[in-house]
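Naming follows writing order (A, B and C), and every chain is counted from residue 1.
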Amino acid sequence: MSAPAAPEGLAARAHPFTPLVVSLAVVALAFLLPAPAGPLLLAALLIIIAILGGDPRALIPAAWLAVPFWVLLFILHALLGDGPMRTLGPLTLSVHGSALALTQSGRFTAIIVASVLVIRGFRPGRFVDAALEAGWPWTSAYITAATLNAIPRFQERAVRVQEAMRSRGLRVRGTLITRAKAFVPLALPLMLGALHEVDERTFALATRQVRAEGVSRTPLRPPADTALDLTVRWGAVLAVLGAIAWRFVA
Amino acid sequence: MSAIEFSRVSFRYPTSGPVLRDVTFEAPAGRVTWIFGPAGAGASTLLLAAAGLAPGLTGGSLEGSVRILGQDPGSRSGRGAVQGKVAYVTATPYLQLSGMAESVFDEVAFAPANIGWDRARIEAAVPEALARLGIGHLADRIPEELSGGEQQRVVLAAMFVLRPDVWLLDEPTSALDGTGRELVRAFVRAEAERGCVVLFATEDAELGLALADEMVLLDEGSTVARGIPADLLGTELMWAMRAGSTGVGELARAANRLAGERAAHLAPPYPLTVEAAVERWR
Amino acid sequence: MICFDQVRFRYRRDPVLRGLTFEGRRGEALGLFGANGAGKTTALRLCMALMHPEEGSVTVDSRSTAGLGPEDMVDLVGYLFQRPDDQLIRTTVREELAYGAERQGWAPERIAAAVAGALEECQLAGVAETHPYDLAMPKRRLVALASILVTDPKVLLLDEPTALLDRTGRALVAAIVRTRVAAGGTVIAVTHDPAFAIEALDRGVALEMGQVMQEGSPEELLRSGVAGLELPPAVVAAQRAGLTSKSLRMVDLASALARHRS
């Protein structure tokens, strides 16, 4: 009964290559931009893109992943770091450590938000068509699409598995420890089920001529590669090159 | 020429004992052949072997020879030769969806696109296939959001669009209700009339009786009997082989066992349909 | 035992249940019938507190599902999902069956006894040490069923219990339902299987557009063509041949036929 929500937002509407190129650029920029301001601004920018671009719900899974990291980095570097210290209210923080924590938090957040946006907006059929139009061989296009698509499928499955497990008494709500303990019993049915499903789907796909030889696949609905898409992709590449140049010059 | 030929085929999966033992039979074109047996008898494996998926994708070892349209589906050249001509349908429609299609139209277009049909040909063939399965109205729907019965029809349309010569069906109606079952039955029958080979496995004896021209009874991997369903399904052999029969046949046999010697009128061959039973029992 | 009172529920802005009211009583097996989208599985999920009504209430044994999750209902209710693969987690059937009882903190001896009983009842004793994924689908589905029977819940919620099963499996499930009902349990089953409905159920409600459109015995509902279903051929044949029998279940029809003069 539970159906996958149709991908929404900028990442889903753009040409499939655009979000991928941009997210790779984000990874590069996260490390190239001058710390700590650079990564933090990058993270903020991506959060704004998520909200304005039509997929604000992407921030929920991103937060789940990012916030524990922030806390960990803060404790590790800011509270427990050494060197010159500064007091901030009741806390005594390492200056250098705080900067490090902010930098790494910013980097991690930027990368996570970008990845979540890409995965949530991924449309495998469209990607394959775009790749074929761009001259990719069928196998590469298909495998890339199937891999990226595996994640949302995994998520849907995770929801179903969690329901089934809760219906047998697994407690997932409550304290952090309860939630953490709940993760382990969920992992096995998830993995096994996913592998099993891959197995069965492979049979079905084999009979749908996926392994056909000597023919090239016809793209059904190649997505339009608009001027905006090209601009954004080139813009991302130039931003990375610019950041590299800055590094050498500054 | 028989379109599917099994000759002394034995098969085992990587981690199992023998699942098929010395199986020999032929399924001719233009007729519907039914593989019937209790769970675990090997019917699904037999279909996988016919499709070239066992041992190809499943692993395991196969002895003997499998020929489909004169080719060995397990060999690379054989597979190439039957490309696009063999349809394989299982009981779980959601596992047969490509996962790449955002609409039913695209799902049905998946295989033709994969073998390189040009767009014009696809745009003509897909609506035809949808109409043939009565799902033209679902063309824009997301396949994953459909009911099991609707999904199964999408899968059939997705295979039909290539006009296969061979249909291999493993419990094709178990996810369907009465109307869906009837639709599949009529569709499969028409395919046989079109000259296809149809080989299907089902535990639904009513479906087998209504659909099949010939049945092959399988037990623990061996072919035990062959014949016309109407002749075989009412005999004690069905229960000796743990295969069972139609609901009416089951009732008749249960009554016979209760009545014992006293009731000659309840002896086998048991009636299989409502009409036959009413005539016998009234 | 189970009470739906004017329940309204939406799934992503689409109304699914529009004032659903019905009861599942003690010592009774109730069938939920209806076309796809009528809300049958949704109703089942509401019973298990997997989802909660927007309006109205769902109570199980006087316990409202409001504010609770499925883990809070587990002491009372066992839920059989449509896809067994979503709930199989252990590496042997025996361990799989023990999971629910372990979650509820049962003593090891009690668990072992209950697991042995469930293995026996579902005819799985021979595969107790097998990995569930090494079993064919019909057996795997029975493992899923057995695993919810172990803790002997008062209520069983079954989503298409006979789908994906073979002949012996279907007969087994019907027998299990009757045993539970005879012991005072409540069973609610969503089903499209007419033979199972006749064999296992006492009563049925037909849902249409998120409400109860019809109520009655399985025979009455099937005869009226609910959800495009029909009476099983064996029942039709018996009735047309003029058999008088205690019930429409196979065992009673067979006795009637055996006694019937030719």
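Assorted remarks:
Heads up, the rule we're going with is that contacts are C-beta pairs under 8 Å (C-beta built on N, C-alpha and C of every residue); 3 or more make two chains touch, one makes a residue touch a chain.
This structure is a prediction, so every number in the text was calculated from the model and none was measured.
Taken pairwise by the contact criterion, the protein chains are fully connected, each one touching every other. Ranked by separation of Cα centres from chain C, the top chain is A.
Centre-to-centre spacing of chain B and chain C amounts to 28 Å, using the average Cα coordinate of each chain. Centres computed as Cα averages put chain A at a distance of 40 Å from chain C. Measuring from the averaged C-alpha position of chain A to that of chain B gives a distance of 42 Å. Multi-chain contact residues, meaning those touching two or more other chains, occur in chain A at positions 197. Residue ranges of chain A in contact with chain C, taken from their complex: 1, 5, 157, 160-161, 163-173, 185, 188-189, 192-193, 196-197. Only residues 48, 51, 53, 57, 79-80, 83-84, 86-88, 90, 92, 95-102, 106, 109-119, 122, 142, 144-145, 158-159, 162 of chain B touch chain A when the two sit together in their complex.
Of all residues in chain C, only 36-37, 134, 136, 138-139, 163-164, 166-169, 192, 195, 227-230, 232-234, 236-238, 240-243, 250-251, 253-255, 257-260, 262 touch chain B in the complex they form. Those residues of chain C that touch chain A in the shared complex are 11-12, 41-42, 48, 50, 69-71, 73-74, 79, 81, 83, 85-90, 99-100, 103-104, 133, 147-148.
Those residues of chain B lying in contact with chain C across their complex are 15, 38-40, 91, 147, 149-150, 174-175, 177-179, 203, 206, 244, 246-248, 250-252, 254-259, 263, 265-266, 271, 273-274, 277-278, 280-282.
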